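Note that the chains are named A, B and C in the order they appear, and that numbering of residues resets to 1 at the start of each chain.
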């Protein structure tokens, strides 16, 4: 007899304990930053170095934050509704683990990125960073989608957020790397972390749920809601925490062109790899987004529209080819069951983005950037070659952290205490949700809404 | 024989008469404010007290306005599509009464909140306020969803908007209350108004439509679109009309944390109250939003992330428990048929928000807020205790206005002249909409899109 | 035997060739403008005429850009999912041709609207303009929806974008016309271009696909996602490229009121033209948007809320009447098969908008606008009568360009080389997409998710 999937006690207990811990830690450690604190902000305003209300970081960052927020909750959530019977779980568990992760990330990132008199200061920038970290967890969720209980997902989030923050700290603070849109910190880390977790959780008999591991017509349309929102708002994602002015503007534009080019590559190769030239929704839903991933590091640099379009085209191409040829091999040879194909959308394009970032940084010069150089690469003497090297090292560190973290987390998640679904009931909402009937509804309405009756009513 | 539901003359007549009246009143009473009037704005710019274009209120408010707008039309509209056969009406009637209400609200609020030389001045802030008032009507719509004709809903909106504006005037202008996110003016008022209306319209034989008063699989997914948009943009809602700078920033952040915490509470209690530990979509769709309601008054104050998370957790908890245990009692004992459970999402959390607001205001001090105190609580001498008292009185006034207004409106809506649906045909789009077949479509496509035929085509 | 619909080689080849050409041209011709170029922006900042970061055009335009972007990809894309079996193609082809068009438009518009030392300079404003041009192509797509291959659509986009840019250049640069929201350049042009194309592509035997040329229940709900997003963000669309300050603010507000009024007219006439007073989703999905089209030219002027509401009411009225009475005549008498009824949503309301714009411009005076007159109508001596005349001439030019361009493009698209669907398989995703089964899925889930089994699992 398999483990019971009844999480009646486990899920509430875990949620309540986690939230209570979060509340206590927030009470002890978190305070408003100077742009959200009424006393500090207004003191800043009236004293010597005056800042006007329109200079509050809110007005520079909040529209971007909201776009990122939409990507996290609608984008990731609906992208994963493509499965025929896993829509509730896709949107619902996405919602749950994102709501937890953004709180936990605020603490972990705040702790590592610098306390102020022992306190973590929060504002819209920390909100964006917390959402970014959450994105990484949701990428990993894509690999294990349909095969994990909500309890497992929360446990995974605890570890992944923590390790994300450590990796981010090493990259940004110790190595001084650039990674505004997170090609490395978010996409590469999240993808390889998730792939290792799903490898450890390998299910040899997953075939028993094969009939549910596919889409139906309307579930593919719901998924397209997620895709399109991710695609549209990716320029905001990559530019959300860049420096004010030209870098934010430039990053958004580079991402826009990369994605447009990526979309044409995706349609081209999706038709090309199909014997009848038919397009595959899996490719359109996912590979068209790879262009956003691949300019996540270099987008703020002088990549130019031209460079962005080349990168986007490459990203779309490798992503479609990955879905078609690599994913089946990963599953059969390496026993990596990657439900959403995150290796193709986040893994390879993330690595591509890291490489592009290293090269673009190594080519940067103050002749080209003028005084904008510091805005992008920070203060201090400028040595493009060593900068490029540090970017490359950052990729290696990220891969190492993801593999180690995924391995650790995977083995913890393997314990038979989380109410994971049996092989026969993966990809099935009914395991964790009250699911309404479908056919009954349909018959009902045919029975009720006959034209005759309706006519009588309205006569 | 029941009343005819044919609204062929009634609905067009009412719409046209209302719009003509609106147009005449707008022509007579409404003018551009100084930030939208070309002469005034540019005169302001060039004269002594210069204001630059970036100081136009448009740039502070419009992104928030658009988020609020999405909540009103997508958020509320899709949240109510959870019913299996009432999607057209949910989104459609939501659309109709919102489009009417925002125009009517502009006049009522403008009239009460201060004429300028006998004119109502409009700009982005009045647009936000009109959308807020509309939100209140849509909350009430949730209580009577499925049981009312569009004619009834428009009549309800006429009265509710008017009374909303009066109540808002009493609270904000006479009592000097704070309620930026509308815990009292929007949520408490809208909820109890709607509950009284649905009590007056009590249908003892509603059981005859019981089989349609539930969701199907895809309707629950459509509803999640509404939920997630409401959840994501609630920070914009609560902060949309706060003062520039730190208050707007702080309010958004407090709401963000309250909602995150609320979501964990919702999942916890939804699983806990189910014998098999299964999550209920009704809870996730609704209770996870209660955290936004409950910080609608105190969000702009020094509630802190810590305080916001506690409030959010409480709100989610009482909301789930309300859905599980209170709603059935309200229906069986008090004859309140509350289709969407607005008492759990807006009623109780709204009252909680009012209480939290009163307490937080009573604890405010200039030691804590510095010069920010006036920005939040307005000019004049500061007496926190009496401020707290006025906040509490505001809640009482709101409840009184809602009960009185709902009673009056309910009895007007009871007249058998609006083409309301019979008990046997509630929750049914076919009464007011041309509804396309469903099964025909399905068979059709199976018949047509056989792989064989398709193969021939593409050969 | 009909032409094969297998586009395995044609579609990839066209996509790749187009993208490679685009990349080469971008490499040769496109550079960052002074608000996105790190050297120029920061030089501007520190020299005499200092500009601060908050004055970067990004902060004035990017939120509007994102709203426009949502309209293009979600709005247009989902609006067209109303067909029962064409959802993949509606969203998917919309995605493809939009991604291509925005790149091609950047070049065409940049080339015509002024090179800087032989280079096209890009920034957020060029991104908005490119999205606008794309909107025009998507309007035309609505006319030929379901009857064209993706190869045809890309070819159409090549020509339409080019001619759009020429027409826009004549109107804005040569005739000095105002058309911020594109009543003429976008809507009138896109509509009549598309109508002529579909006329040339007339299919006498389209009846054979008639059973698929209609909606099902859920496809109508998906379409409402498109409608509501277009409706909500239209204020951003019309105001996206107006001058900073009062014009942008005023345009958004005028559009808001026009749309609200239009919605009431739409519901009124939809019920009125139906024998049983039932509302028709086609009207609500489309005609309610005509108010945004009709204030596309005059919205930035002193149209006032009053004037906007009158225009919106008229637009909604003629749009519904067009769907009911004109579309069938266009098809039977003029052989214009207009799948989405773009003549009613974009054609007539676009012409109305052009006329309203001409009249409003002719009535403008510096007494009314003050120094705001130049902000709206540009520098130079002000002659309202000749301005009005030039606006009217612009409409005539637009109609001429659309008819000529549509004719040319139509005949090119008639060549039997693009893999167009046969008359028997129009409005069918299966021709170009891998389509998952639907019924199988349904049965599967009933079979699997029996309450009994689920109970056992969770015990």
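For the reader, a short list of remarks on this structure follows.
Rule of thumb we're sticking to: a contact is a pair of C-beta atoms (placed from the backbone, for glycine too) under 8 Å apart; a residue touches a chain by one contact, two chains touch by 3 or more.
For each chain, UniProt lists the protein as follows: A, B, C = Ammonium transporter Rh type B.
As the structure is a computational prediction, the values presented were derived from the model and not from experiment.
Common neighbours of chain A and chain B, listed by label, are C. Where chain B touches chain C, the two copies mostly use different residue numbers: shared numbers make up under half of all numbers in play.
A rotation of 120 degrees, rounded to the nearest 5, superposes the Cα atoms of chain A on chain C. Mean C-alpha position of chain B lies 30 Å from that of chain C.
Residue positions of chain A with contacts to 2 or more other chains are 6, 54, 59, 63, 218, 225, 276-278, 435, 438, 454, 458. Of all the residues in chain C, the ones that touch chain B in their complex are 2, 4-6, 54-55, 59-60, 63, 67, 84-85, 211-212, 214-221, 224-225, 228-229, 231-233, 235-236, 244-250, 252-253, 256-257, 259-261, 263-265, 267-269, 271-272, 274-281, 284, 288, 302, 304-306, 309-310, 313, 368-373, 375-376, 421-422, 425, 428-431, 435, 438-439, 454-455, 458. Remark: chain C residues 6-12, 15-16, 18-19, 22-23, 26-27, 30-32, 35-43, 45-46, 53-54, 56-59, 62-63, 66, 69-70, 73-74, 77-78, 81, 87-88, 91-92, 95-96, 99-100, 102-103, 122-124, 127, 150, 218, 222, 225, 276-278, 432-438, 441-442, 444-446, 448-449, 454, 457-459 touch chain A in the complex.
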